[in-house]
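You will see chain A twice below: alongside chain B first, and alongside chain C after that.
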Partner chain A sequence: MPSDIVIVGGGVAGIAAAVVAARSGCSVTLLDSGSAVGGQYYRGAKSPESGSGLSYEALRRAFDELVVARGIDRRLDTYVYSLARRDSGFVVRTRGDDRHRGDVDVLESRAVVIATGAFDKQLPFPGWTLPGVMSGGGAQALVKGSDVLPGQRIVVAGTGPFLLAVTYALISAGGNVIAVVEANDPVGLARHAWSVLPAAGKSADLAKFVTALAKKRVPYLRRHRVRRASGTGHLESVTISRVDGDWRGIAGSERIWECDALAIGYGFTAQTDLAGQVGARMRIGSDGGLAVEVDERQRTSVPALMAAGETTGIGGVDLARMEGLIAGVAAVEQCGRQAALSDAAIARGMRDVLKLRRFADALHFAFPVRDGWRDDVDDQTLVCRCEEVSASKVRGAVSDLGARDARSVKLLTRAGMGWCQGRICAPAVDALCRFDSAASLIGGSYRPVAVPVPLGAIAAES
Partner chain B sequence: MNPDVVVIGAGVVGACCARACVEAGLTVVVVDRGAVAGGTTGGGEGNILVSDKEPGPELDLALLSRELWAQMAGSLGDSFELDPKGGLVVATHQHTLDYLLRFADEQRACGVIAEPVAATDLPDHEPRISRDLAGGVLYPQDMQVQPMLAAAHIIEAACATGRTTLMTDCAVTGIDVDASGAVSGVRTAQGVISTRHVINAAGTWGGEIAALAGVELPILPRRGFILVTEPLPPLVRHKVYAADYVANVASDNAGLETSAVIEGTHSGTILIGASRERVGFDKTLDWHVLGRLAKQAIEIFPLLAEVQLLRTYGGFRPYCPDHLPVIGPDPRVPGLLHACGHEGAGVGLGAATGHVIAQWITGASTSIDLAPFSPARFGASHVA
Partner chain C sequence: MSREVVFRFDGAPYPGRDGQTIAAALIDHGILSWRRTRVDDQPRGILCGIGVCFDCLITVNGEPNVRACMTGVEDGDDLRSQEGTGYAQ
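== the complex of A and B ==
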């Protein structure tokens, strides 16, 4: 039976939308690829602190109650491989995880909320494919999800306040973080960001991180970058150096540190695949990455399609929660019902979204990714890990073979044709080739199959 | 800029035309509104087939073309993964097999190597193939290339001679004629190029280019989807397809037609085609079509049921009402030549197409009679 609303993603945005929609009397199906809801941020959250109002804990309790009371159809370990329009609604195709190979389902709904979050943005550099080198989010997930430390001597590097969150998670679990290497200069650049911190209610988090770092005497290096990771078969050391404002290395400042784990974070890439499948309009976010364009009610350019959370532009957990609420309201209205949230609460939510979005923009402004990283990418450095395509091949496709955008580089080199379908390497390819990023990023982001699905399963639909 | 020839279209046909013209001593500019191999070339599988051609002018062209492809691969250092893997056409039922064997007899009379394979012998050629097939025919002359690499490297080699210039992101906005009505130049987004010869190698969009010269060319899109699996160890050795593929290629049905075409690639992925639909330039994914392709492929290789679909891509084959390409001079506009409308066979027929086009421009006698491919066959209507 068709649902009123299908929500893709059970992170904080999806849960907020589900709570609003179910309370308003809509039938709701919530899909998540994980084995529990909570998403990246609340992954494996064990003991919910007491929460009231619109806190995650309160939403989570409400969600769990509504699963029973209002029959929210919560489907875990479920991947969406295709979203398509049909008449005035949608067809959502799902598959089970690897334990349920071939477990395919075709759902229909009047409205869809995409809350699929984001994944780590990775930039290639010499040695980045060595075991022991991982994304910031990967290191955090390892600790938060499995209580496993990534190594004995850990370097955290990249840019942005997320490095502090990763470091906090690592040292809280007893990890030995030997330094945090920040490529930007937050003291000089971030005045604007600091000025909006209190308004966004973020100072408490930050203070917690900074205090923990100070207590463990973890050095925090500004204007430094990891230039190279080295080792035989596994990471053994990193070369770091001072960098200028464009992230270009300053000669003579190189140092080599022994370490066996490097957690590196350059921000996040919004997961926009499903929105792209139905042709929703995209925008370039303030971090330079692709994002789904939404209006003040989280409505995309596609009728009855809402988006919330990192999918609409990287902005953090608080923004995701507020966007989820507003998207839930819009989805309820799309189904011709009255949202079970007062007009005042909705207006307050929309104001919060604006405020938090401004804060996110300020952070992206303070912690940009500068072009200098490209100079470190030598010919042998792999750009596409799945298909093992080197930087020289990617550059050669442009200089010798007439490639002019991400798609033609892909066709000529196979960069982006492998398991990850270019989700990891596409931004790097665009940057290395100096393509006009908006057109190329959008053109390269169309993925008709969002996750692999067995041929036998799709044959059943013939 | 004043080249002997302007080639419109940097797909595989345009690339082959440029190469053949350069080898014939001409200077060439290749223009494309997008990137190299950005159109139908980039949406195909890279087939060089004789197996699916019925006796007639297209088969003659195909036989010549595969010789020329082998020569090109030799001189370009196999930069585009030419694989003489051979084709294996299989029949699921006895009556289809009877048809297939008769078809192969006719092809053999025209110089095609076609070896009947009994059902019990099919696994000798394809160990993973279904044991429920009626039989098949092996076509050792069938080959495959990576079409995007082929177009790019052929153009690059032409440019390396110093006698070819490539202009991408360069849309053609007009074709100029002189007082006598003959071609005098090509207007592009990057300026006017004076020339006496224009080769329309714009594939599915060949009709639009013809219209710029004031003539009509009935080329329409026929949509196709290809499924791409996860990378696997080699499982499929040949290009394997169901015998009803041949009937579908020649069909005039506007509705959906599918017949499984299965082959491995150098990268380990398996490609599964081929669907044919006349739905204009609509790229909307149709899971019903994809499902049918998957089902038919599984009938031939049952192990594919467990294999993951990683991605899918689609393209638009340029087809003419009589399913023959348009190759040769346009009698309505002296200096305008067409090299388009190859339907799904642009890669396979591309090498011979460029060859005969260059022969015609330089006044040599063409290796193949161009009359069946002439644009004149559609009547002499000018666009008002």
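== the complex of A and C ==
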């Protein structure tokens, strides 16, 4: 039986869209690759008691009720590997988790909401493949999802306010964070961001993080960067140093810290694969990353395809929630129904989206990625971890073999040809080769199969 | 509190908790690596930790290339370090 609406992603955006759609009388299928809804931010936190109105807590409670009352078809541990158009609707192909990769299914729907979130952006540096070096989001997932700390002595590094959120999660669980290493200088740069904080309702979150760091006396080093990770078989120490405004290391300021875990991230990359499969128009976000273009109703350039949350540009959890609500409304209208959200609430939601988007833009302006990191990438440093392609090979593809775009580098070196399909290394390849990243990101974003699926399972599709 | 499970890693038994990922269950015991790469024979553990990068592949009950960060640990799991593609073992 086709659903009215398939929602891909059960994070805050997907939950918000599902609640609006189900309340409006649409049949809803919600798919998530995790074993619980809540996404990266809320993880599996059970239906909380607090929160009212359109807060996440209230939406999550409503979602759980609507699963029972309106029969939202909630499918966890489920991956969408392909999205295609059929007639005026969509065909959504799914598979199970890694224990059930061959359990494929084909769903149909009139409308689709993509709310697939984002993952940490990584920049290669010497030693970054050592076990113990992980993304900030990965460290957060360990502690929030499995109640396990990534190590005994943890360094959090990279850039952006997310470093504070990760640190907060780690120290709240009793973790020993020895320092937060921020490459930018937010106090100097972020006057604009701080000025929009109160408007975006973000002051409370930030105050909570900063207070917790101060209480545990976790040093917050600005204009510092992790230059190298060292160890035999696993991470044993990091070399940090001061950096200038372009992120180039300042000689003589290096220090070595013993640690067994490094949680690192330089912003985020949106998951845009499914939108790309159906040819939705993309844009370059204010962080320089790829994002799905949407209008003020969260409609993409593809009819009946909505997108919400980080997929449409990195903007944080509150923006994701509001976009999810508006996307839910648009999906309901696409199905020819009246949305169960008042016109006033919709108008307020759209205003909130604009406000929060401005806040996100200000943060991206305050926490940019500067070029100096490239100087640290020595010849041996791997750029593509999947195919084990070193920086010297990537650079050589340009200097010796004449590659002029990321696709040529990929064909010449295999960088981006592995399991992750270039999701991790693509920004680094572009930067190291000095390619026009906008053209390269859009050109390289087409992934016809979003997650590996056994050929036999595809062949057996009747 | 979640139920205790027992899994094996490279033959030795370890306790874990139901609801933990395989990666978390291993890291909880100080095991940071469970794969060696197929070109340079280097150790790897988790990187992205949320299912995107495929660095944390492990062999589970004879099935290689399972993402440790996305797969819940189950009672009786036989986890093996993965060498290369995992198919030559």
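In the analysis below, the second predicted complex is superposed on the first by the 457 of 462 C-alpha atoms of A that agree within 3 Å, B and C clash if a C-alpha of one lies under 4 Å from a C-alpha of the other, contacts with A are read in each partner's own complex, and residues count from 1 in each chain.
In the analysis below, a contact is a pair of C-beta atoms (placed from the backbone, for glycine too) under 8 Å apart; a residue touches a chain by one contact, two chains touch by 3 or more.
From a predicted model like this one, the values you see are computed outputs, not experimental measurements.
Trainee: Tell me which touches more residues of chain A here: chain C or chain B.
Mentor: Partner touching more chain A residues in the overlay: C.
Trainee: Based on the superposed arrangement, let me know which partner A:Leu411 touches: chain B (first), chain C (second), both, or neither?
Mentor: first
Trainee: In the overlaid three-chain picture, which partner chain does A:Cys420 touch, first (chain B) or second (chain C), both, or neither?
Mentor: After superposition on chain A, A:Cys420 lies in contact with chain C alone.
Trainee: For A:Glu388, decide between first (touching chain B), second (touching chain C), both and neither.
Mentor: second
Trainee: Check the residue A:Lys208 against both partner chains and state whether it touches chain B (first), chain C (second), both, or neither.
Mentor: It touches nothing on chain B or chain C.
Trainee: Look at A:Val449 in the shared chain and tell me whether it touches chain B only, chain C only, both, or neither; answer first, second, both or neither.
Mentor: So A:Val449 only meets chain B here.
Trainee: Of the partners chain B and chain C, which touch A:Arg281 in the superposed model: first, second, both, neither?
Mentor: Neither chain B nor chain C is touched by A:Arg281.
Trainee: Please work out whether A:Arg86 is in contact with chain B alone, chain C alone, both, or neither, and reply first, second, both or neither.
Mentor: Neither partner.
Trainee: Which parts of chain A are touched by chain B and by chain C alike?
Mentor: 387, 418-419, 452
Trainee: Once bound in the complex, which stretches of chain A touch chain C?
Mentor: Residues 33-35, 40, 44, 97-99, 119-120, 122, 129-135, 137-139, 141-142, 145-148, 150-151, 233-235, 260, 271, 385-388, 418-420, 423-424, 452.
Trainee: Can you name the residues of chain C that touch chain A in the complex?
Mentor: Of all residues in chain C, those touching chain A are 17, 19-21, 23-25, 27-28, 32-33, 37-40, 42-55, 57, 60, 63, 65-67, 69-72.
Trainee: Could you list, by residue number, the parts of chain B that touch chain A in their complex?
Mentor: 10, 34-38, 42, 148-149, 152-153, 155-156, 166, 168-169, 227-231, 267, 269, 272, 284-285, 287-288, 290-292, 294-295, 297-298, 304-313
Trainee: Please give the residue numbers of chain A that touch chain B in the complex, ascending.
Mentor: Result: residues 82, 84, 93, 101, 277, 387, 397, 400-405, 407-408, 411-412, 414, 417-419, 421, 447-449, 452-456, 458-462 of chain A touch chain B.
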